[in-house]
């Protein structure tokens, strides 16, 4: 039995609320149960120096957690003077995941920055961020289309992400913090709307896992991402 | 005529929502019109080194803005590697303001950290932060009382803050961003529930101001803080 | 009775010595009693990036304290790797105060940097800095005039600053360290030669202050700044 | 045809040279073709503060690249003032991978730090590092055994790592730089001597990959790690 | 002919003024011509962690330049966020030089910090700093003796420093900035009152120098330091 | 008797191995006994901003130590967030030493960066670095000549370095760590192939040294550098 009494293949309640802040070109407040992330997409007419003059744009991401998003207060990274290793890993993952489904040439020489700020954390902040980021990115691109800024279709597909784990020997979907801190194995899957795999990050926390467990988790992930992709579609229509 | 069509002595719509996050001992989502700040109060059984063994506690504050709280995206301070001068000024002000109405000896050897994170900024983020911080602090202390952690009354008074300015020669209350960027003079007033002044920060943006203008602004501030103090009372009962 | 035996409205001995260093375009060694600050004004034919091409110049300030300017040695900020919050607050105040009385268009596309370095600190280092900075700035502009670098009058007024406080219930002028560490309330006033208020920063250290106390302090400040402005005039003629 | 003319399931020439530096308790100079990494294991009788007094030890890793390990000179991180995101990701991965096969209680309250410094980089520096790190760690533990410092067996298994990728639609083993920069998909596999999976990091560089491709890569990885584990065994006997 | 019209073996006008600041246990305002350095000595009852419990004290030094000590304004190191390489080199030299003539065991478990802050720079700031530092250190030790804090004699000798150079083929003593920027060779000599050499730092700026030139410079240095040592003696008696 | 049983004027076994890494334009693995340094020379078609447009090139150096190059593990500077004072001193010395024998105008508007990374440290890492750097620089210039990138001869001379010291009252050549930590005096000599002195850094560790000792050390150094210069010549032919 999972601590949340969910079935092994059951997502937490997911919601994707659009246009939640006044200024951003796109935004989404995403909830995976008690994990709440505010995602904004910012369009800027500038590029990182190493990309200038190549006829392509860029999508990048930054990630942060409010200090009291967590059960114990976490030190504010701005005050500590640097972003921690976990933050850097996550924001790199979000950026990579989005770039895989974006046609950077069609975007033109501009940068879209995705900011994912965790208001409350209960496990799965990176998967919620990626799932919400697609909605914010979509709306940012809609904003550009409405202003005739785009030559063609920038978004090639949807992208969403979910975690799976092996909890007390059972593969389960969408770990919350109570499960995550106990799980033997923890894997994050980033997948497209059409079922392709963009990223797998599977980690054995205590004991190594088997190919069979990996495939069980992949199957769960496919199911979970399928539902997230449907929710994204509903959110943007 | 103010851009917002408010009367000179009219506050923006103010709301103070309590208990908005799951983990913090106290929290408040404060809105002054389109300025939205999430404030949390965190209790920790530790003290800054220079305060240890003196039988007193400490209240401190940190302030941050989400990158896209503003019309143009602001660089994330965690990524820049340091907090800017404005951030440091504001968080020092919030901490000082709260400490003036707190009995640090009654708090005991503990620290309460107030985190003020601006979700959306339209002027007056520091005054909204202070006003909301009192509510979060109050609830944190209630949480401690419920656990018999306090010997006596820690909160000696209420504290709230409001800005005033001289906009096109007229003193006005509670500047929004459109006014703030145009105002000749801008002053922030931090006052107690009983009408005492805790802090005045008045700055002439373009031309010096007069004693008369200062007194006009003080009068407006007194009125504004009076209303904020009433709203705080309603919020916590 | 004040620890220094001064009358409540009595300044410390103030001196403003010009041209104290060899290289700077303007300089002033300012003493408010035992508070000694070396102020230099540096002209540079460059501007911060965000100001380029607008036909206006800039005046900015930096502030520092020698490590043993204080009773206990203070850690060197260059060695600590960053400027503290107090330093940043003060240098922003000095810069703002000077810009209010400068015609930045008449200055042309150049920057004047005011460096205020505290050689010895006995309270009131920011007010001494501002008062001396006006002299250094004046002399820097004289240097430019002598070289026909200016189109019109850059200085629109004088500016000086003084602190006031409520010490054992009595409002007093120009706090020294012994008073400052005991005062219930502490306020810094920056005012022009013509009596306008540029900045008020009033802080209740222990108990809130009243409007009456604020007005008493403002009255004292007006008297003190009046004398400082006279001393500035004498210094530069 | 692979640029290196290797068969799809062929590793580069691998060598694991032990005891290559004078001071370290364990060391290994590992070569995967032109990728050369110097790995040292340092025993220290201290622990990170958060681990003290729990009767367990710690294994951690740091990773660096000499500036001219690469085709173009890379900026020295010590001079840049911080470790980049890629460095942090890799050193966290190395540390996690080793801890999974270590009995931290049997280690006792001590820390072993693995330093992986890339002398020359031609793809696969993280997999070479992990593979060499096991040898250095093994020798460090031998050093401790020889001094009767250990109660029981600390090493529970071997660990090695290899990359796989999809290069021009064919799954291939052990990517070198020429392949890595062209590959559609790139995955790193960390596995134990007994065949368990410790970590999978699979990333679609251009187009998403399929479950079938993942399984093909896993099969290759299993073969490659099998050979690496044999080489480790030979190296330490 | 030297730009300053001095004879090759002629020092600039040197003055050593004691007790120039209010708080420091020892202080000296040292002038070598237009090079002016304020040196303070601070006694603290603490030690660097690595020195605790060994029955010995420590003498260390920090060095800084006011931004406009120089002809062009130099960026403030506190604002740049770190001390430059030149600063670090100089303060290490000052510390080493003083420690060589101090009996650290006789000092007891305390630290004396020498702060050398350059008010005006015209070449030779490090040699002026060392020469003045001895006076400040001497007075700090006198302060301690007067309070019966010392068991025996801490100062074993005097120490002073001077630069020499080869200017237009002639070896000259005590380079000022005009000479220093033109000199072919530049060497700093730190020597004791009894004629021992503590440190030589000789650098060929353009062309290598010869043993003969080195000996010529050493001879000049010996003469110069002899005079400085006499001036120190006069200063402290 | 020296700990290493060497004669007072005997160098350790020195080797200079060229072309040790794949990518660098020039490289040298230099050994002075158990001190092993990997030196690379990197050519870049860019200059520091302050040197642009002057028709001259630049040679600079960076220095680092692998964490376990030493008997006790040294903290990684990239992880500490800055280069220590010793590192900065050494890399400045290496850069200066090389520039003295380079015709920067003949180099053209390009930069050569010398990276000296200490793999194993047993005293004399800076002298080994300089000696090996000349070989790497030489080879980098050969690489340029082979591509017709140079107008004339860039290298004006050879440069090599050696340490001397006074160990138990005897002047000795090429201190290893065991001697260095015991020596009364320690001096580094950087000299040209033709016998000119580029830099002398002599430091009395415990007691001042005499002119006679300096001359003894200089004589030893001249002999040692003579041998190193011969070894360099053999290495590059």
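Order of writing sets the labels: A, B, C, D, E and F. Residues in every chain begin at 1.
The rule is short, and it goes like this: a contact is a pair of C-beta atoms (placed from the backbone, for glycine too) under 8 Å apart; a residue touches a chain by one contact, two chains touch by 3 or more.
These figures come from a predicted structure and were not determined experimentally.
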Key: Required steps from chain C to chain F (each step between touching chains, minimum)   = 2
Query = What is the chain whose Cα centroid lies farthest from the Cα centroid of chain F?
reply = B
Over-half contact-pair match to E-F, picked out of the listed pairs A-B, D-F or A-D = A-D
Query = Which integer distance in Å separates the CA centroid of chain A from that of chain E?
reply = 59
Query = Any idea how many Å lie between the Cα centroids of chain C and chain E?
reply = 33
Key: For chain B paired with chain C, centre-to-centre distance based on mean C-alpha positions, whole Å   = 28
Query = So how far apart, in whole Å, are chain A and chain F when each is placed at the average of its C-alpha atoms?
reply = 50
Residues of chain E whose C-beta touches two or more other chains = 81-82
Inquiry  = If contacts are counted as defined earlier, which sequence of chains do you get going round the ring from chain D via chain F?
reply    = D, F, E, C, B, A
Ask   = So in the complex, which bits of chain E are touching chain C?
value = 21-24, 27, 34, 38, 40, 42, 44, 62, 64, 66-71, 73, 76-83, 87, 113, 115, 117, 119-120, 122
Note = chain B residues touching chain C in their complex are 82, 85, 88-89, 92, 96, 100, 157, 187, 191-192, 194, 196-204, 206-211, 214-215, 218
